[in-house]
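The structures come next, written out as structure tokens.
The following pair of complexes shares a single chain, chain A, combined with chain B in the former and chain C in the latter.
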Partner chain A sequence: MHIPDGYLGPITWMALWIVMIPLWIIASRKLKKDLKTKNVPLLAMGAAFSFVIMMFNVPVLGGSTGHAVGGTLIAIVLGPWAALVAVSVALVIQALFFGDGGITAIGANCFNMGVVLPFVGYYVYRLISANADTSSSRHWIGAGIGSYIGINVAATLTGFEFGLQTILYPAVNGKFQYFMYPLSVSVPAMAFEHLLVFGFIEAIVTALVVRYLQQTDPSLLRLTERTISQDKIPAGVSV
Partner chain B sequence: MNKNTQKKLWIGLLILAVLTPIGLLAQGTAFGEWGSGELQQTLGYVPAGIKSGETLWQAIFSGYSMPGFGNSFLHSSIGYILSAVIGIALIYTATLTLGKIIAKREEEQRNENP
Partner chain C sequence: MKIPDWLSESAPCPCCSIGVGGKKNFVEKTLVEIAGMMERSIFSEKYANAKGFLQSIDPRVKLVTILLLIVTTSFISKTEIILGIYALTLFFAYLSKVELFFFIKRVWLFIPIFSGIVAFPAMFNVVTPGESLVTLLRFNSTIHIWVFQFTEISITKEGALGALLFISRVATSVSLIVLLTLTTRWVDVMKSLRTLGVPQIFVLVLSMTYQYIFLLVRIVQEMHLAKKSRTIKTNTTRQGIKKEQNWVASRIGTVLMKSYKMSDEIHSAMVSRGFHGEIKSHGTFKIRNIDRIWTGFSLAFITGVIWLNYLV
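What follows is the complex of A and B.
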């Protein structure tokens, strides 16, 4: 799902940078308000986890490969705005140091994997887990279903951004300048490989980690709830 | 997060880093991430934007490999593990710094509006 440089024309990649800049600003304001200083290392570990899980490439029929992202998991523990920041940091480092995803496409990749994926995943999870007790199986089931839907919506959107290029920049003398397959190819290609394979990997990883947290340190699943009551405790007092 | 959980999560991350070469077993390229060589083969040409996009930025650990390492599975695997460790260190430090700047501002704000 890491769009390289040159696959999206300037209209698309610039538009998605313009969308991302205010979202990064809002995210930092949200974190200023909600993220406790003592949870900053957890956020950093979440970003590192997302990075390393994306290195596990999985093959699908047809010669393509893909991977999980872990964005919904970060959103479940620290909230979707924290996930936006964590996945964005991972994506920027991947682009700058590892050439995975383009520099011009940072806006697009952060929008797809850092915004759409964790927000969709998180709200589906919230819908399913609702007010269930922290030990309830609705948490890990909701985590699995939410992360599956999140990564699929993100992948389908990426397919849409790809295919859009053939409309924005039609072929000249039979040669395209940017992405070259129409929406009718790019959308199903991105959707099906995630619906059939990578979505399940994302779901299994997310559900397993949430199940593990339920058993070992369930307080981690209550971090976002406790924010409000913790606000009353003066800064500097460790809880 | 208690210290015990933090320790367990770090162990989990390091185990994942050591296991990353599993990701090298997957042959092929992700949809929409093809190199110009692959595009030349399938399309018969390389779209001009993609051609110039490829040389826009030269990442030091391009493709999660170490500079000067060969293409053997052993070299690729070591490169992959080192990339994972370097990436985890960079991302952890960057997020921690960013988070601390934000958290610091939060405390300043509280001092201003008690």
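What follows is the complex of A and C.
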């Protein structure tokens, strides 16, 4: 789902940078207030973790393998705003040093995988696991369903951004300029691929990791509850 | 640091000979990917310390000009101009003592080849109608598939030119960023982000992340090596795959727990050394004449390219 440079025309990638800049500012203010000096090492380790989670190959039937993105998992443990920053940092490092994802497309990639994926995944998880005991199976089921929905919404949106190019930049003398397939092709292509394959890998990994945490270190699943309850004290204060 | 020849040679190691020829299982795949990642970062540092042209330019100036070139490449719609920028990256790679074969391989191996696969169907009249260059198949009636309609299958001039523009833009952008990171130490790239107005706190998180990625990757590598050394054959039955998936998930969970614990310890270590949320960076960068010349050249080049693209 990492969009390289050259796939999106300037209007799209600039618009998504403009969307991301205030989101990064809001996230960093929020985290600084909640975590104080602890935010620097926590975000750095979160980002490093979100980088290495993509290196784990997961076996699936038929002898093939795939990897998870992990956005929902990080949001479940650190909260969606920390996930936004952690995933963004990992994406910037991938784009700069490993050629994975474009430089102009950093805004788009951070929006799809750093905002949409973790926020959708996290709130679906919260909805399903609300008020459940930490050992309850609703946690890992919610994590599985949340991550499945999260990655599919993000993938469909990526397909939409791709397909938009033929409308924003119609072919000049019949020659296409950026991503060349229309919405009717790009959206189903991205959606099916994730509905049928990558969504399941993401769901299996997220659900199994949450279940593993429930058995070994359930305190990690309660980290965000603490910050949420702290949030309730200055009610009405918007960031 | 110069890598001795015997270290950079990739000799077949006896421990992996079992996997040779057959399909790699998920443990081997992860190990190969990790080795590849480590190798790439070691080679980057090797070139960054060479005494070439781009290495002598101030990292801030280099970062800003190369990013501007990437943005410019995104706006250019003439293939010839983009190919000209690509040729320029090869020229500067040569001046910067980067082996051209290594540079081209590094650039093309990943994204552009993948983009070629993406663009391939668009060369045909089914996606891009136009003047036919080669006709492969002709039908008696109009065929309807999904959203497409066609009476023949042929490669069109418009499709081929579009695919060329698309792939050259992708490859040129990748070349530019690879040129930047090959000729600049990563610490300097991070520090230079400050000049772009990236807040200090982000720069600090970025550079800490970069360091700890290697630590975590090493942990992941050891987990997989340990498993590989104890496994004769991974199980591929339905039941077996479930077990293997559980193993992967438990290792991801372990890395997560380790990194969370580590962040606590790193925090204590930072606070005990006087960290209170503000960071001072000790910059030693100095703008010299070569930087001024390079900036002048880059700006003139970008202006020229835009003029050629829009006004000629």
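In the analysis below, the second predicted complex is superposed on the first by the 203 of 239 C-alpha atoms of A that agree within 3 Å, B and C clash if a C-alpha of one lies under 4 Å from a C-alpha of the other, contacts with A are read in each partner's own complex, and residues count from 1 in each chain.
To be clear about the criterion, a contact is a pair of C-beta atoms (placed from the backbone, for glycine too) under 8 Å apart; a residue touches a chain by one contact, two chains touch by 3 or more.
Please read these numbers as outputs of a predicted model, since none were measured by experiment.
By the touch criterion defined above, A:Leu208 lies against chain C but remains apart from chain B after alignment on the C-alpha atoms of chain A. In the superposed pair of complexes, A:Lys33 makes contact with chain B only, with no contact to chain C.
After overlaying the two complexes on the shared chain, residue contacts for A:Thr158 are found with chain B alone; chain C is out of touch.
Of the two partner chains, chain B and chain C are each touched by A:Asp5.
In the superposition on chain A, A:Met45 contacts both chain B and chain C.
By the touch criterion stated above, A:Ile21 is placed in contact with neither chain B nor chain C. In the superposition on chain A, contact is made by A:Ala189 with chain B only, not with chain C. Contacts of A:Ala132 after superposition on the shared chain: neither chain B nor chain C is touched. Applying the stated touch rule to the two superposed structures, the overlap between the chain B and chain C interfaces on chain A comprises residues 4-7, 9, 28, 32, 36-38, 40-49, 51-53, 55-59, 63, 65, 85, 89-90, 92-93, 95-100, 102-104, 175-178, 180, 216-217, 220. Every residue of chain A that touches chain B in the complex is listed here, in rising order: 1-7, 9, 28, 31-33, 35-49, 51-53, 55-59, 63-67, 85-86, 89-90, 92-100, 102-104, 158-159, 162, 169, 175-180, 186, 189-190, 193, 216-217, 219-220, 235-236. Contact residues on chain B toward chain A in their complex (touch as defined above): 1-2, 4-6, 8-10, 13, 16-17, 19-20, 22-33, 39, 43, 45, 47-54, 56-64, 80, 83-84, 86-88, 90-96, 98-100, 102-103, 105-107, 109-110. On chain C, the positions that touch chain A within their shared complex are 23, 25-27, 29-30, 33-34, 37, 40-41, 44, 67, 70-71, 73-75, 77, 106-107, 110-111, 115, 119, 122, 127-131, 146-147, 156-158, 161-162, 165-166, 169-170, 173-174, 177-178, 180-181, 186, 189, 199, 201-202, 204-206, 208-210, 212-213, 215-217, 220, 234, 236, 238, 241, 244-246, 248-253, 255-257, 259-260, 262-264, 266-267, 270-271, 275-277. Interface residues of chain A facing chain C in the complex, by the touch rule stated above, are 4-7, 9-10, 13, 24, 28, 32, 36-38, 40-49, 51-53, 55-61, 63, 65, 70, 73, 77, 85, 89-90, 92-93, 95-100, 102-104, 171-178, 180-182, 184-185, 204-205, 208-209, 211-213, 216-217, 220.
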